[in-house]
Amino acid sequence: MFDNVWLIPLFPLIGFLINGLLGKKIKNETIIGSIGALAVFSSFIVSVLTFIKLIGLPSAERSVNIKIFTWMTAGTFNADIAFLIDPLSCLMLLVVTGIGTLIHIYSIGYMHGEEGFYRFFAYLNLFVFSMLLLVTGNNLLLMFVGWEGVGLCSYLLIGYYFHKKSAGDAGKKAFVMNRVGDFGFLLGTFTLFWWLGQNHGIWTIQFTELAKNANLFPTGGVVTVITLCFFLGATGKSAQIPLYTWLPDAMEGPTPVSALIHAATMVTAGVYMIGRMSFLFIRSPETMMTVAVVGACTAFFAATIGTAQNDIKRVLAYSTVSQLGYMFIGMGVGAFTAGIFHLMTHAFFKACLFLGSGAVIHSMHGALHHIHSHDDAQDMRNMGGLKKYMPLTYATFLISTIAIAGVPGFSGFFSKDEILWQAFSNPLHGSVNMLIWGLGAAAALLTAFYMFRLVFMTFHGTCRIKAGAEKHLHESPMVIVFPLLVLAFLALVGGYIGIPKLLGDVFGGIPNYLEHYLEPVFANANEYMAAHAHHAEHSHSLEWGLMGLSVVIAFVGIAIAYTLYMASPEIPKKFTSAFPALHRAVFNKWYIDELYDFMIVNPCKSLGRFLWKGFDVLVVDGIVNGVAHVVMAFGGVIRYMQTGQIYNYAWSMTFGVVVIIGYYLFK
Amino acid sequence: MDINVAQLFQTINLNVIMPEVILSVLGMALLLVNVFVPSKSKGYLAWLSLIGIIGAGFVAVTGWGTTVSSFNDSVVQDSFSIFFKMIFLLAAGLAVLISDQYMSREDCNHGELYPIILFTTVGMMLMAAATDLMTIFLGLELMSISLYVLAGFNRDSIKSNEAGMKYFLLGAFSTGFLLYGMALIYGVTGTTRIAKIAGLVTQVGGAGNTMLLIGMFLTLTGFLFKIAAAPFHMWTPDVYEGAPTPMTAFMSAGPKAAGFAAMLRLLLVVFPAMKAEWSDLLWILAVLTMTVGNFTALRQDNIKRMLAYSSIAHAGYCLVGFASGTATGMSGILFYMLSYTFMNIGAFAVIVLIGKKGEPNGTVMDYAGLGHKRPLLALAMTVFMFSLAGMPPTAGFIGKFYLFSGAVQAGYIWLAIIGVLNSAASVYYYLRVIVFMYFKPGEEEFDWFNVSAPVALALVVSAAGSLIPGIIPSLLLQFAQQAVKLI
Amino acid sequence: MDNLNNYLIVSAVLFSIGTIGVLTRKNAIVMFMCIELMLNAVNLTFVAFSRHLGNLDGQIFVFFIMTVAAAEAAVGLAMFIAFFNNRESIDIDDANLMKW
Amino acid sequence: MDISSVFFALVTVVAIVSALMVVTCKNPINSALSLVLTFFCLATYYAMLNAPFMAAVQIIVYAGAIMVLIVFTIMLLNIRVDANKKSSHQVALGSVMGIITLLLAGLFLTRGKVMQPVGGITTDMINKLGHTELIGKVMFTDFLLPFEVTSILLLVAIVGAVILAKRKLS
Amino acid sequence: MSNILSVMTFLPIVGVLLLLFIPKGSNGALRSVALVTTVVTFIASLPILTGYQTNAEYQFVENVPWIAAGPFAMRYNIGIDGISLWLVILTTFIMPIAVLSTWTAVEDKVKEYMICLLILETAMLGAFISLDLFLFYIFWELMLIPMYFMIGIWGGKNRLYATVKFFIYTLVGSLLMLVALIYLYFLGTKTGITDFSLVHFFDLKIDPATQTWLFAAFALAFAVKVPMFPVHTWLPDAHTEAPTAGSVILAAIMLKMGTYGFIRFAMPLFPEATHQFTPLIATLAVIGIIYAALVAMVQEDVKKLVAYSSVAHLGFVMLGLFALNEQGITGALLQNLNHGISTGALFLIVGFIYERRHTRLITDFGGLSKQMPIFAVIFMIVTLSSVALPGTNGFVGEFLILVGGFESSLRWWTIVASSGVIFAAVYMLWMFQRVMFGELDNPKNQALLDLNAREIAIMVPLLVMIFVLGVYPNPFIEKMTPSIKKVIAHTRIEPVTTAKVAVPAVAPATEAAPPADHAAPVQPVTEPAAEKPAAH
């Protein structure tokens, strides 16, 4: 039935192999790019077909395992190379391959003329392959393969400009931080596998099997341990506190990478994973609260940093971290659908934003290059007034910004508002709900502010680019603009598949398609929640009120941005000079990187150095060599017993005789 | 009380001592030949001796498996003595082969050397075959006096003089203790025939008879001196260093084996009842001997001296097997002494070749670069060193395996452990030779020395003897087992 | 038995004196003489035992010991002469080229 | 205390004193002469022990041959006194060791149990048949092999002495 | 061919004999003969792979008397099972690569070098196929000698210290094992064992106190070879000084001797002691993992870094072995192979740049990716395999080890060990970054040539194996499984503990029987958790 599913990851893999092995020989960028894009597009086609097939099934049967071959089996442990097709994975397939295709196309234009063009496409294909494994793997281990695979590709692509030290550092940082998360993921897997097998004789890591047996798990206890471990994995991959610092640094990679990996797909893997494991997460209130609170804090915290950054991509990066925080709020409050919904809409508008910023940077770079200026092409302080040079880019960028700001009617509004509402009204966390909601709302305000600050600084106002360069600014070619248009369109309308019931009722009973669609995936979690959590009834008016508040917040944010960066641009400077320490702290990302260096990295290095020079060489080897020295010294001493004098020798003999005889006489 | 001559001659079976007779007669003949043949080169004497030695070997082997005594039970021909005779003959043969080149170089190429070597061998053979304290004593003295001469043979060399003098004085001193011991044994039992003594030991009170016990130990010290066990070992380094190298080689292999032969016979045949006592003593002496030998050898630069200390250590290994008192350990001694003869004389053969007149270049450092300039010679030396160190697949390993197995079998686990640890320490100084041969460049222009045919033959035989029994030791081990079983 | 013991004690005393001589003297010839003294002590033991046991083996042994002593004397004294030829001394302190 | 005991004591005193003089005399010649005296005492003992042949051999071989050889060597090498100073610790250590040896010897000698007479050789027999003959019979029956070995031993000694003591031919 | 194992094992010796007849100077011929010999050996080992029946029996067994004297009987008893099969193949597979790796690096004394390599191969193969304890010991010791020469003659600056240390360090351990071996044999003779054949000793009931000592002696010998913390210090020195082929063989095969020794000898022979020592060994293994990683992180010499990474990797293997369940042991054995391939490859890589630049200091490099793209790709893949990225071989082994460890009594150890995955990433990637990324600022590096055809040819088989083992390890696992099950069965403590027997033993035998029967149902409680039967 789904016999062809294996084709989905296969195409990108083939693309990777062709480009990776032969790319250097092919040389022709068009061919390389086409191969790359085509590979992903083929996957997209198959994904669409799969999707159509899937929704053709009755909703209860929409979960299909397709085994390819047995990967490894040892004792009770068994893992297959097998795929799981269900609504969630199918949705992710569409997002990944769809956006992936667009970004591949975009990259053909964007990466034009770069050294190692083939390498870029090979990596990108490899990434798509890994991501597809991640979302379709039917067991934890295969998911982990994808999980690490995307981390690897992220590492490779961040370090794409490997001759820059900062790029290499950023790549390594990303990989290591991800590894910390992976550690959690592994431990979670082990505990889950062991606990279920040990206590119920069910040795499995397959999602459907686990879900089927979800009721065997207790509430809290071991489940908390398991889910917290998994959540640690999620924080690494999805850049949540405390493992978020790699994501802003990851902007060292080419912009399409930021769009695809660090905005649309990879970073959402953590959210996806929690969605996958929702039946387990819901059984641990502690973990759910942790997820929600961490998400909320991250959302707010990253947003504060985003307000003070001047690098266009960094702003977007912090925005991504912040938006991922929203998704985690959604997951943490049991609004799994809402979380996934935000994942999807965010993929649309954030990809669009990144690609748009890429177009801007591309253009800026070209212009600056023309006048041989070494100004930073990504610094917003060098931009301004670009809308007249790049109207299409501006339009798409604006649409996406409005979407992320949460202006009603755009996709971001629906998903974000749903999350905030659920955060407020969910039955899980009691009074903590207010905190979560409060942080979420504050983050929404900041989001609207810094995103519009970005738009205003970049596209509006006067052009601050170095004199002479402005005439070289121009709109990007169609290959770049086309994906922007598609994504902007999606950012505009993507929200309508998940209209909240409240609004849907108003507009004549439009159903929440997404919720229906994902229903079987989260059925177990929802049932459990319904059974175990006390549902407080909230009036419609409260919901309306909060929705209105969100809208107000969005507009207030925009208004502040307009005030500060359009109407009276001198205020930020005044503000900066009024609170220099605060600004410096925010500008320097609250010194979190430095803190990590101080607390973890440097001690580790010192410890390593101490263990090497101090312990390994001095103590361990010292003992070994010490024994040798003692033996040698002993030999050096006893050789002097050999005096060369006969009477000494005779004496020694007599002594021997006397001792022997004496011993036996007096024994 | 008249002597019945016919009856007397019935007790004499010359076949039993035929190898000794052959060598003695040959020795005397060679003395004459040496006088009457006016040849400057004495190489022909070496070949003649070798023929005699081989002949004696063939004669000796024929008696394998039988036990025949002669001369009123004062000497016996059994597998045990034959095995040891083979070791002595081998040592003598190899020593004879490597002597000519050395002696010619050192300008002391006296033809008397070969007869004396042969007489020494006769002495050793008598020690192994004797079943009477008096015969043992005379065999021992024949061997010792010849060895004093051999040690001081290079009379123009101060070192050789000194070696001879030290060996002589200390040897004679130890003889005093040996004789006192024998006197006590005689006094308690009234006979010198060991078979008779053996029968009387329990009758006179066994270990409870202090005089007998002390007599045994005093006798033992005499043999311990010969095998260079601590604390009776101190002559060894000086004598080995000073004596002419081929004689050192001979001395390190033959008399040690002879000492063990006599000790084995004495303790196993006469004093099995006192095993608890002597086994304890040998336990301690084994540890002491191995440790002193190995640890001191670690700090030696002079290769002869280093090998002297190593030979002390090897005596210690053998004592490990001895202390165990098991057939495994005892047969290990036999096997080990045989392989030790091969590997140690082999090593000394290399030293003979490398040395210059007066041996100014006797240190390990002088072997630098040998591996590249004379690869085959260095390879042979490597085999000897690894065999001495007890690395598989050499004979040295199998020998040590049996010795330590004996200790383990008897429950002396700690002894075995101390033994192997010592053996590990010893690896350092054997490896040091290899380090210099292969890993260090030779400093000066290398002198091309010739390798004379007899030395080459000795090297080949030694190398084969160090290696082959390591790979297929079965036959030799079985011989050793039989030999031990029969006493 | 008394009789035997007397002889044995005398021989032990002589043996010990010989030992002391070997351990304390430095002249090689004197040392050798002390060794001879030790051997003689042993001889006395042998003869005393022989007499006590009514068995002549011990006396035969003494006979051989004497022979050996003579042989040793010949070789030993020759050795001393050779040493003296090279070192102009018979003092064992001078036999110290090789040590350690 | 019979006369033989007195005589025994007398000889013993002489033997021990002369033995001590061997050890203590500075001049090797004096030592040698003291040793000769000791040998005579021993010969006396042998005679007292009914071993006249041994007494004779003791005089002839030891006092006659060996001591002459030693004295000859001393004269040849013209050695007078110990050239080097005696180190006192050597003397002390040596003496202590010797005395301990003596004490131990006393212990084991008195503790030991000796076989009761086993042989048929009695004083009467010796007196009747003659010591020499008895010795000869035993030596050429039971101890023929050692006797033959001594011949080689002496040969080696001769050859060895010649080799060692010969001056360099050149 | 029934004696295919012998043929394979001694083929290199035939090569040695051939080499002896080739004149010294003709390096080309010498190298070719050595290469052909190793390749032929590899080909000769393939029938073993194809003819191997997946069951727990020893196969291709040859069993002829060898030594018989006194109480001992040693037999030339060889054969393979699932545990040794892949190690044998790994050995024959790595050797041609090792020969090729120093094709140009060793110009001096080529003949001796190749002879050393070939003797080493025989010794290693012999050790893996020996089913006679004594024979094993002979081969085990024999390995030291050629390696000693390889490091000593063709090694780096500090080679003397390194090689003597290597030799004596390993010797001390193995000599104590020899004593234990002898003791074990004499224990066996009391129950009628008449030769050193391994199988006899599995059924030997040794009292736990004795087992403790015997195990300790065996374990010391093997732990030195593994090497486990804290007896690992010879390894960095030996690796740093050894020539490339030496390092490759050392890492890829010789270290495996240690872990092989544990699973083949120490564990099944002394089950009680194994259980008793499990916490200690697991602790040392885990310390090794973390400790070596931390130390590796700050190394300045690439080769030393890789050497320390070996210590960490082998720590995982030890942890897996002592999980004492199928997953753990499977993972450990797989990790053995993986480490052989990955770390072997890493040493080859270090060899490549050392040959070009004659330095191994990380600071001397930087930005090599630009100059040597092919090298960069290969290095990257191998690095990732070493950090156990899924899809590469390293992951499968490490994961199974951790799963096994987690299921066993070593849960907490496993949790700590899991953090090793983080450290591995840190030190390997940091090193990779410093060597390969960044500006190509050192002028000496700007003239570097990329890998040549020979070097690529060396690496390709290893790269293929990295992915094959990573993606489709099941065929490898399947061949091992029956033997692993057998080992676990041997390692399992008998249900009736000796203490329980001791008490009723005083009573008449008829009364003693019921308690023994009653004891059986109690057994699962004392049994490690992992041994519960699987539900499906």
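Letters are used for the chains, namely A, B, C, D and E, taken in the order the chains are written, and counting of residues starts over at 1 for each.
In this section, a contact is a pair of C-beta atoms (placed from the backbone, for glycine too) under 8 Å apart; a residue touches a chain by one contact, two chains touch by 3 or more.
Worth saying up front: this structure is predicted, and the values here are computed from it rather than measured.
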Greatest separation from chain B - chain, by CA centre: A
When the contacting C-beta pairs are counted for A-D and for A-B, which pair yields the higher total? A-B
State which chain is most central when centres are taken as means of Cα atoms. E
From chain C, the most remote chain by mean C-alpha position: A
Can you work out the whole-Å distance between the CA centroids of chain D and chain E? 70
Using Cα averages as centroids, what's the distance between chain C and chain E in whole Å? 64
The distance between the C-alpha centres of chain A and chain E, rounded to whole Å, is 38
Distance between chain centroids, defined by C-alpha means - chain B, chain E (Å): 43
Indicate the residues of chain D shared as contacts by at least two other chains. 90, 93-94, 97-98, 101, 107-109, 111, 114-115, 117-119, 134, 142-143, 146, 150, 153, 156-157, 160, 162-164
For chain B, give me the residues that contact two or more of the other chains. 134, 137-138, 141, 145, 148-149, 152, 155-156, 164-166, 169, 173, 184, 187, 190-191, 210, 213-214, 237-238, 428
Show the residues in chain E shared as contacts by 2 or more other chains, in ascending order. 168
Pairwise, the chains that touch are A-B, A-C, A-D, A-E, B-C, B-D, B-E, C-D
Flag every residue of chain B that touches chain C in the complex, lowest number first. 133-134, 137-138, 141, 145, 148-149, 152, 155-159, 161-166, 168-169, 172-173, 175-176, 179-180, 182-184, 186-187, 190-192, 237-238, 241-242, 305
Chain E partner, complex, touching residues on chain A are 24, 69-77, 141, 144-145, 147-149, 152, 155-156, 159, 162-165, 167-169, 171-172, 175-176, 179-180, 182-183, 186-187, 190-191, 193-194, 197-198, 200-203, 604-605, 607-609, 611-612, 616, 620-621, 624, 628
For the complex, give me every residue of chain D touching chain A. 90, 93-94, 97-98, 100-101, 104, 107-108, 111
Residue numbers of chain C touching chain A in their complex, please. 19, 22-26, 31, 92-93, 95-100
Interface with chain B, chain A side, in the complex: residues 628, 631-632, 634-636, 638-639, 641-642, 644, 646, 648-650, 652-653, 655-657, 660-661, 664-665
